[in-house]
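Shared between the two complexes below is subunit A, which has subunit B as its partner in the first and subunit C in the second.
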Partner chain A sequence: MVGLSLGEKHFIQGGIAQDIRSDGRKRLTYRPINVETGVIPQANGSARIRMGATDVISTVKAELGKPISLQPDKGKVSIYVDCSPTAAPMFEGRGGEELSTELSVALQRSLLGGKSGAGAGIDLSSLVVVEGKICWDLYIDCLVVCSDGNLLDALGAAIKAALSNTGIPRVQVAAGASGDEQPEVDISDEEFLQFDTSDIPVIVTLTKVGRHYIVDATTEEESQMSSAISISVNRKGHICGLNKRGGAGLDPSIVLDMISVAKHVSEQLMNKLDSEIAAAEAGEDES
Partner chain B sequence: MAGKPGTTPTTYSPSPTTQKTRRPIFNENDVDWVRPDGRGFHQCRPAFFRTGAVNAASGSAYAEFGNTKVIVSVFGPRESKKAMMYSDIGRLNCSVSYTTFATPVRGQGSEHKDFSSMLHKSLEGAIILETFPKTTVDVFALVLESGGSDLPVVISCASLALADAGILMHDLVASVSLSCLGKNLVIDPILEEESYQDGALLITCMPSRYEVTQLTVTGEWSTPKINEGMQLCLDACSKLAKIMRSCLKEATSTSQE
Partner chain C sequence: MREIELSLNQTQKIRLKRALEKLESFSSKASSNSNASVSISDSIPVNHEDGVLKGHGTLDLNGELVATLCGVVERVNKLVYVRALRARYKPEVGDIVVGRVSEVAQKRWRLDIHYSQDAVLMLSSMNLPDGIQRRRTALDELNMRSIFEENDVICAEVRGNQHDGLHLQARSQKYGKLERGQLLTVPPYLVRRRKQHFHHLEQYGVDLILGCNGFIWVGEHVEARDDMVEDQVSKPEQQNIKSNKNSISLEEQEQTYTPIETRQSICRIANAVRVLSILGFNITIEVIMDTMNLSSSLNLDIHEMLGSEFCVLVAEGEAERRSLTKKKG
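Moving on, here comes the complex of A and B:
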């Protein structure tokens, strides 16, 4: 809950209507994005993203597992978000749990594609080691360290950065195992395979305040929203997922307009994020 | 349960999804594949609604779309819990649960943890919460049998139950989902189609106001395809709302007699 006086509310709404927000940004400008990779040495890949006061960490752990019988040619990916009460007192107990589930589901919807695996940002078939027997299970866990609005976009960016940072060990499968036997594997601790992250979409949340929409809203701006739409867009310009927040109804034509604005914004965000990730990776290699 | 189609005992046929082998229900290149239940791509299942399914509740409704059967009861408005902060608008509390026997595999319904919050988000924009300050309205939904498109059926049924309870709303909320299978868009998918889908789109809207209260999309979509899908769903929603409205009218006319 954000405690704002009537004057402050008017100031935020008036500023957005005039295309100059409280922190001097325009409606479609992001806060500076700060990317650090390799922050959690225990994980196969990790990244920390800071956008203003919003601070999130995402880690990727890979474990060998067995593919499910219905999809023997695909690995498994699961995404969980944890909103710790250290970030905000309202995350304690059920409030945090609800937000965590909401964010996890939204991320799964945006990044993992349909049930059949079509349109997934992460290529599940690249995770298979031996078809029907061994595959990699990727566990993507995110932590909200500090929340100042726009969590979903930050988490999406953090997952993209963490996956770029991920190295999956090369696996040698011992020959000779046949039939129903589980083959023996040898996991290399020197050779790592990089993950292809070019297909992973970015998430753009458009928050509607009054008659205008803004990107990268702070908590204070979010408290004034009537509704928000999170759209994930991949490099091809295709929509990979869409979620709506906020109860107020929207005219279908406004939804379509928001989609086209989000597509436009996503191109800039995608390029900016890619260069930030590349810079972070280069910086890490040097040190 | 009322309204079961008497001719075919559909509930007793074993669910095809329990088959272990992957049976192709459609061919990518085959334009004329038929849906498992023989419907056209843009044809919804027959909808059946009945209000007043639970006597103890302030309002309730039962809905049946093919094999999908849900029951929703609405309690309240009742006094909010003492621990809650003062609020000059009413609170809405939503919960969706599955019976253990609703799914082909027992207890699979617990996978849908997000349905409760989705139901809440779909309804809160339609209810005039200012009319019951300091109080809470509970909406409890139970999926008796999961036959695909569960969430849209729950949402539509819940708005009918709210209307039955006399909670003031801007409009009825109708919800329809759509699956993308290969190049085709199929509306109101059944469980089998949902398990093969490449993408899904769900719309909840208030048809008389022509406003979308909730929208989710999964899978990869191009903009023209989203346009087409949204239009299909919105049309279906307005037709669904007509059925819901006639059900309400029927209920009041029979009670007056």
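Moving on, here comes the complex of A and C:
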């Protein structure tokens, strides 16, 4: 990442204060979002999201596994993010690992809820095949191809798009299996069940620069931030996860204000994403 | 056709393709046969009796002159060479470049100008803040940071290629540190060498500097200061700003922000440059002004200039403009 001179930093801060950012956007305007689904045919579901120069790919792979003994009626989901060295020179070798773990943990908290599986944005009970014995394990892998700020939002949107593109094969369980035995399963190659993604939350990151908050910050704007809050909101307007970055302290009233702004922005983002995902899927069906 | 990274729907893709094809047809009509563009292993038509000199990008294969680069064939007297189109920036003496300071070294600054090496700006090639012409002393060397720091954006002119690298000079009032604006990066082959690289757009109050190395500066207009007069007044102010940066309250900082109308013009011009860079069109002041006027006439919001619709409109407008100039000349 290139450094910025004092004059440029002053210009960026002035832009945010006057509601005209470097590319003319208002504080709460997102960059144009481009969604492509089905980009990786070997996976059960995949999507690629471009927000300006930020480019992320997300894939979902489903495998049969055993549920955790503490939650026999829930499937398992694991989210992992990898920052590719092509995104930025500092990601070469092991440089991107810190950011990758930070993003993975933030996504897990936002989308999967707590350890008991409560409050998960993704409905884990729909993943169970045979209670206590067989469930679907979803492995969600994300790759950051190009980074220009606002990675968390892009990854959240990519996961949502990938899950709506996911087809889980239909499973036939052989009847008459006794208590302890592993039942026979027959995974069909033909029929697929579409994952229900209407409840999956979107993540909105609000970056505080000076006295104002902006949405969808570019890398230059993020270098000027004092703190950032990422809030995942679902369709009902409920908060599914909250994440604060940045060392500067925030007054609690500001945090509440940011949450209400995020709720307001998330409605538009959710609608925009849904229409883009639908368009992408329609386009994919045609081609 | 080069894939452009825009999310276009079907109709927009067709319109864009048509506009680009139209532009391509103009260029192929313009160039005569001997200046045709070649790809690797195309043979270059050459009159062998003339004793031709084989330059860069060519190879003598079985008596035939064959191109080893994709580009345009250039002929200068007996020299035949292939000039690559998408090459790295190649500096020439007298070029105006915009660079970012990467290091403050002994008696010089090293600048990153998107070239294969860092350019060098010697302390002696820079006007001192007090404007006097004198020998640079050790004290001057110690105070180099007060003139330019790391990551500052500087405008300078190429002086030449010396033994230790590319040397720049900034001896005129119009060169120097650039503040209060934004720096854009475009591919260097889109900025052609012209007579004028500094553009002061009076009606917007904006300075536009088209660096030949692909760095374009769009910023608020700053009058070229007469250092000797202003020195007493401005120096303490500047020092105050730098040292009290943390303790300046937000209100005071807000007073020094760029006025809103100027900022809108700056962002509009910056977006025009971004659109032209996405489409791969040559960036000249006329094209930028045309794009600006197009966006103003359509009453587009500034950020909508980066959307796919406007890009297609700009491509079509450029095709129109070029067909008109063809008909005239």
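Simple rule for what comes next: the second predicted complex is superposed on the first by the 282 of 287 C-alpha atoms of A that agree within 3 Å, B and C clash if a C-alpha of one lies under 4 Å from a C-alpha of the other, contacts with A are read in each partner's own complex, and residues count from 1 in each chain.
Operating definition for what follows: a residue touches a chain if its C-beta (ideal position, glycine included) is under 8 Å from a C-beta of that chain, and two chains touch if they have at least 3 such contacts.
This one's a predicted model, so the numbers in the text were calculated from it and none came from an experiment.
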| item | value |
| --- | --- |
| Fit or clash - subunit C, subunit B, common subunit A | fit |
| First, second, both or neither for A:Gly132, with subunit B first and subunit C second | neither |
| Apex subunit A: angle to the C-alpha centres of subunit B and subunit C, given in degrees as a multiple of 10 | 110 |
| Touched subunit A residues, subunit B compared with subunit C | B |
| Subunit B versus subunit C as contact partner of A:Asn34, first or second or both or neither | second |
| Which of subunit B and subunit C A:Arg25 touches, first, second, both or neither | second |
| Which superposed partner A:Pro85 touches (first subunit B, second subunit C, both, neither) | neither |
| Which superposed partner A:Ile259 touches (first subunit B, second subunit C, both, neither) | first |
| Touching partner for A:Leu70 - first (subunit B), second (subunit C), both, neither | first |
| Gap in Å between nearest CA atoms once subunit C and subunit B share a frame through chain A | 12 |
| On subunit A, the residue positions that both subunit B and subunit C contact, one per complex | none |
| Interface residues, subunit B side, partner subunit A - complex | 20, 22, 113-114, 117, 121, 123-126, 170, 180, 194-200, 205-206, 209-223, 226-227, 230, 234 |
| In the complex with subunit B, residue positions of subunit A that touch it | 69-70, 98, 101-102, 105, 109-110, 113-116, 118-119, 227, 229, 234, 238-252, 255-256, 259-260, 263 |
| Complex interface listing, subunit A residues touching subunit C | 2-8, 10-15, 17-18, 20-26, 29, 31-32, 34, 50, 210-211 |
| Residues on subunit C engaged by subunit A in the complex (per definition of touch) | 5, 7, 100, 149-153, 177-183, 219, 242, 245, 250, 253-254, 256-258, 260, 263-264, 267-268, 270-271, 274, 301-303, 305-308 |
